[in-house]
Every structure is written in C-alpha cells, then in structure tokens.
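The two complexes that follow have chain A in common; it is paired with chain B in the first and with chain C in the second.
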Partner chain A sequence: MDINNKVLWIFDIFGVEVWITQTIFNTWITILLLIVLAVLIRVTMGGWKRVPSGLQGVAELLVEKFDNIVRNAAGEKFMSLGNWFFAAFAFILASNIVGIFGLRPPTADWATTFAFAAATFIMIQGMGIKHRKGKYLKSFFKPNVIFFPLNLIGELARPVSLSFRLFGNVLAGMILTSLIYSAPYYLRVLLPAAMHAYFDLFSGVIQTYIFCVLSLTFIGGAAEET
Partner chain B sequence: MQDSLAFIIAVAQIAAALALFNGVITTLGQSKIVVSAIEAIARQPEASGTVTSTMFIGLAMGETSGIYGLLIAIILLFANPLIPIYLNYIA
Partner chain C sequence: MDRIFGLDQQMFISVAFQLLNACILAAALTFILYKPVRKFLKKRADEIQSRINQAENDMARASELMAFYEKKLADIEEERLKVLEAAHVQSSEKSRRMLLEAELEMAAQKEHAFAEIKAERERTGEEMRHHIIDVASAMAEKFVARAIDEATRDRLFDETMAALEDTL
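And then the complex of A and B:
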C-alpha cells in the first residue's frame, strides 16, 4: 500500500530544488488527455454548422447543460464565469477518473484542490466588490463592529472547507482502494472493480459537480444585494 | 525509548479511531436531509430536479465535519506530528 506522494525526479534550477512529484506528473498526463480530446473533437467536427449533428451536437449539449447550472446556481449576471468553471469541471473530473487507470489522482493532493479553491476565493471577493462596491466591504461589519473577526474567519474558512471536501473524498477513496489491493487474494477478485466504480466514477462525478455548484453559489451570494 | 514510541503510536491510533466516530453523527444528519428531500419529492414530483440538486449541495455541506474528522484520522495515522517532536526530544 503506497498512499504517500512519491518524488519522481529532483531538478536543480539555478540553485533552487524543483521536485517533480507523482501529483505533478499525473497532472501533466491529465492535461495531455484533455488537450488530445479537445483537438480530436475539433478536428473530426470540421466546420461549425447551423444545424448541429454528431460531435457538434454533443459539445453544444454539454455547454448548454453547464450554462443552465451556472444560471441556476449563480444567476444571469455570471454567465461569463461558465467558461472558467467548465474548464475546472473538465479538469477535476478527468483527474478524479484517472485513478481508474492505476494512477494517483492529482486531486488526492491538497495543493491541487487548494489552487482551485483559492481561485474561487479570489472570484468571490472580486465579484462582491465589483457588484456591490462599498456595501460588500461594509457587510463584514454587518450586525455590529464586534462581529468583524467572526465574519473574517467565516470568509477565510470557505476555501479551506471547499478544498478539504474534494481532497478528503478523493484521498479516502484512494486509501480504501489501495487497502483492498493489499488484502488477501480472495478479496481481490471483484471488489476492486466495484471500489473503482464507486469511488472514482460515482464519487468523483458527484464531488466535481458539488465543487462547481458550491463555488458558483458562493459567488452569487457574495454579489447579491441583501 | 522503544516503549514510549510504541505508546505514542498506540494512542495516536486510538485517537484516529475516535476521530472517525463523528461520521456517525454526520450520517444521521445526512439521513435527515435525504428524508426531507424524499418527502418534498413525494409531495411535489414536478419539482424533483430542483429538490435533488439542492439536496446534493446540502449533503455536501453536512459532510464537511465528517471529512474534517477523516482528515484528522489520516494525519494521525500517516503524518503524525508528535513522533518527530518525540524523536527530537530524546535526541
């Protein structure tokens, strides 16, 4: 059973040690997969047609579904955020699913999930200030000035809880699956397939969806007049 | 020296098992959420889409404390901060 993040290579760039860990390498594999998929879809599709058929229909369906999610969770004002969240959704989903092929999921590292949660945090603050100006900053002192530390902690806890939720789910699934792999042989017959199907596919899809929808809900809530 | 280290590891493992106990309370809360959602769907089947997506967000929110307990257990088991402190202390 190996749940630790192995260091594959250590480069020395101008006296600074750069560690290429398993997470970084698997992230590259995930990015490569997504790029190849995107290029394949674009090449086989040919030109854009007015009446979609084949792969263009699938692509338009996906974009439309995601636009609906954004509209329901955040509101009509934030349709432009759909681009970023569709990319984040694709990347997180691909990196959750990559565990099926025996790779360590990149999201089983807090650094990856915290990067996405930090982006969400910046977007919450930026959209709050953009849409509500001074009122947003005033909302930190809302019921009373005494509540400022409490509000601040509550605001800072958002990216932490967002990233821990995704990280904890993926890491727990990975640990349970690797526990099964080190079990006696009679447990290794059909159980790993079921574990992979549940933890990598089902839980991965649900957690990705929840990450995106919660981020959008937070952003919509911050920009909303109360 | 060997006995103290074994004691620290044993206490950490018991603590990890106790930290996983908050999964019980989390599950009870989540079951309440699902029951309410099913009741709402049974009353208004046409609103099942909205209720289901809201239910998933609620489940994720309620899951947070369980995830925190799980992470504490994982840290205690695989990245215990007490063992380096003890090894520095005796060195």
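And then the complex of A and C:
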C-alpha cells in the first residue's frame, strides 16, 4: 500500500500548474457520498413523525447533538456557525473513516486539515473583531507592546497546531496500517481489522471531535473579554 | 511528484481547492439537511410548546370554572338554608296559629256545649217540675180525695222537689 499522495492529473490554468491529487479526488468522492446520504435523509423527511424513529432519529440526534456541542463549546451567540461545523464534522469524520474502504483519507494530507484550520483562523479573527472590535486588536499588545510578536505567533500557531494534530494522527494511523498490510501473511489475518477499527474509527472520531471542539472554543474565547 | 508533505505552491493550491470543496459541502449540507432538520425540530418544539401553553390555558380556565361553580354551589347551599329556615319559621307560625285557632274553637265548642247542657238541664228541670206538678196534682187530687189538708200537701210537694233536685 502506497502512503504517498499521488498526483492524478495536472492542469495548466492561466499559466499556473495545478495538480489534482489523490486527496482532492478522494475529497470529491467523500463529499459526493455525504451529499447522497443527506439527500436520502432529506427524501424521507416528508414522512417524518412527531416521535422519531429509524433514520429520522439518527438525523435528529446528529443535528441536536451538534447544536449542543456548538452551544457548549462556543456559546449561544455562535449558533450561526453550526452549519459550517456540522459540515466540517461530517467531512472530517467521513474522511477519517474512508480508509476502511481502501481510500487514502483526505485528512492524511495537510492541505485538507490546514484548509479547515485556516477557516477556523478566519472565524476566530472575524468573531473577535465583530464582538470585541478594537479591544480584540488591542489584546495583541497586552500586557505590553513588546509582547505583540509573541501574541501574533501564538495566534498563528493555532491553525498550524490544529491542522498538524489532525494530519499527524490520521497519517500516522495510515502509515501504521500500511505497515501491517506489508507484514507477513500471518500478521494480516485480524490485525488490519483491529488497526482500522482503532485508527480509522476510534481515533478518527476522537480527532474529529477534538478538532471541532477546539475550533469552537478558540472562536468563543476570541469573542469574549479576558 | 507523489509525496506525503511539501510546503510549496502546489500545497497552497491544494489548500485553496480544499477550502472551496469544504465551502461547497457546507452549503450543500446546510441546504439539504442541516437547515431543514433544524426547521423541523423547531417547528415540533414550537408545536409542543404551543400545546403546553394551550393545556395551561385550559387548566387555568378549568380552575376558573371550578371556582365559579363552587361559589355557585355555596350560594345555592346558602339559599337552601335560608329557604329552609324561612319555611321552618313559616310552618312554626302556621302551626302555632292553627293550634291557637283549634284551642279557641275548642273553647267555643266547650262553652257552647256547657250552654247547651245548662239549657237542657234547665229544660229538663222545667219539664220535670211540670211533670211533678202534674204528678203531684194527680196525687193531690187523689189525696184530696182522701181529705189531706193544704199544709200537708205543700210539705209533701217541697220534700218531693228537694228529693228530685238531689238526684239531678
């Protein structure tokens, strides 16, 4: 099993070479799967009852639980960010899990994790300025102006740490699982299943949760007075 | 070109691609699933809240009605007691009046009976007197016939009368 991110196609757009990598292609597959699943759930919505059961129960549980995560981690005023984090949660979770089906997880590429971390960074700054206005910008110069470089580095380190945490965990899981696939046949009987269960499912869910909750906590923290 | 990690132009192009993909996914999931489900949940929560409010209003109205009817029952009970008391007073008065009337009538009848007895007694006495006079006359006639004097006759008459009065 090759752990490298393969370049599938190369395009030339306005003189710039653009690589369509395995990550991007697998991201499209993951997005397509999620959209198909969402459409399937949506189609059943016409027959939804007051007392949920089956698929309706799962969909309601997911949305409600996710709303609660946003409410608890960031606060009531950030409920408008729920849809973004709902999508991020679904995508990161699905990306972590697709490894079970032999696809290279899109989150095993730093480009994917950094894209979501960059979105979080933009939201942190946006919400900080929106809710605290000038005070937020002044907070970079506290307790003293000489701390500005440190505060700035601390702020910039957030998306980097967020993205590398997720990327590192998923990549490590993928590499370890790949190693097992390259091991002698007697090690390839039950061990790969256990590795997938741990790294793709267990660690995948935990890392997704950590990414989303940390992002929401950072956003909530930026918008609050310290 | 295959690689695990590299900080170059292609990496940032990939980041831009992934951001775009993420935005497309977020828009699609929001439109297809997240908002409709939240709308459904909100509608159901509103409906349940509305039912709770309706039930509370019904309960308040029922309590008001209960208080109203309890008061009405209390009024009716009070009215019943008043009517009963009035009827009792009225019946007592009527019975007292009837009793008085009966007593008066009884007294009148008694008086009338005494008067009738007295009149009958007098009438009987008079009849007896006349009868005695007749008997006495007949006796006198017979006595005269045997030559009894007048003084003896009167004495005999008075003795006879006294004996008659004692027997009455």
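FYI, the second predicted complex is superposed on the first by the 211 of 226 C-alpha atoms of A that agree within 3 Å, B and C clash if a C-alpha of one lies under 4 Å from a C-alpha of the other, contacts with A are read in each partner's own complex, and residues count from 1 in each chain.
Operating definition for what follows: contacts are C-beta pairs under 8 Å (C-beta built on N, C-alpha and C of every residue); 3 or more make two chains touch, one makes a residue touch a chain.
Remember, predicted model here, so these are calculated numbers, not experimental data.
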item	value
Which superposed partner A:222 touches (first chain B, second chain C, both, neither)	neither
Touching partner for A:213 - first (chain B), second (chain C), both, neither	first
Which of chain B and chain C A:16 touches, first, second, both or neither	second
Touched partner set for A:123, first chain B, second chain C, both or neither	neither
Touched partner set for A:3, first chain B, second chain C, both or neither	both
Contacts of A:97 with chain B and chain C, given as first, second, both or neither	neither
Touching partner for A:74 - first (chain B), second (chain C), both, neither	neither
First (chain B), second (chain C), both or neither touched by A:168	first
In the superposition, chain B vs chain C on chain A residues touched	C
Overlap of chain C and chain B interfaces on chain A (superposed complexes)	3-4, 171
Complex contacts: residues of chain B adjacent to chain A	53, 56-57, 60-61, 63-64, 67-68, 70-71, 74, 78
Touching residues on chain A, where the partner in the complex is chain B	3-4, 72, 161, 164-165, 167-169, 171-172, 175, 206-207, 209-210, 213-214, 217
Partner chain C, residues of chain A touching it in the complex	2-7, 16-19, 21, 23-24, 27-28, 31, 34-35, 38-39, 41-42, 45, 48, 50, 59-60, 63-64, 67, 82-84, 86-88, 90-91, 106, 109-112, 114-116, 118-119, 171
Sites on chain C touched by chain A in the complex	1-5, 9-11, 13-19, 21-22, 24-26, 28-30, 32-38, 40-41, 44, 47
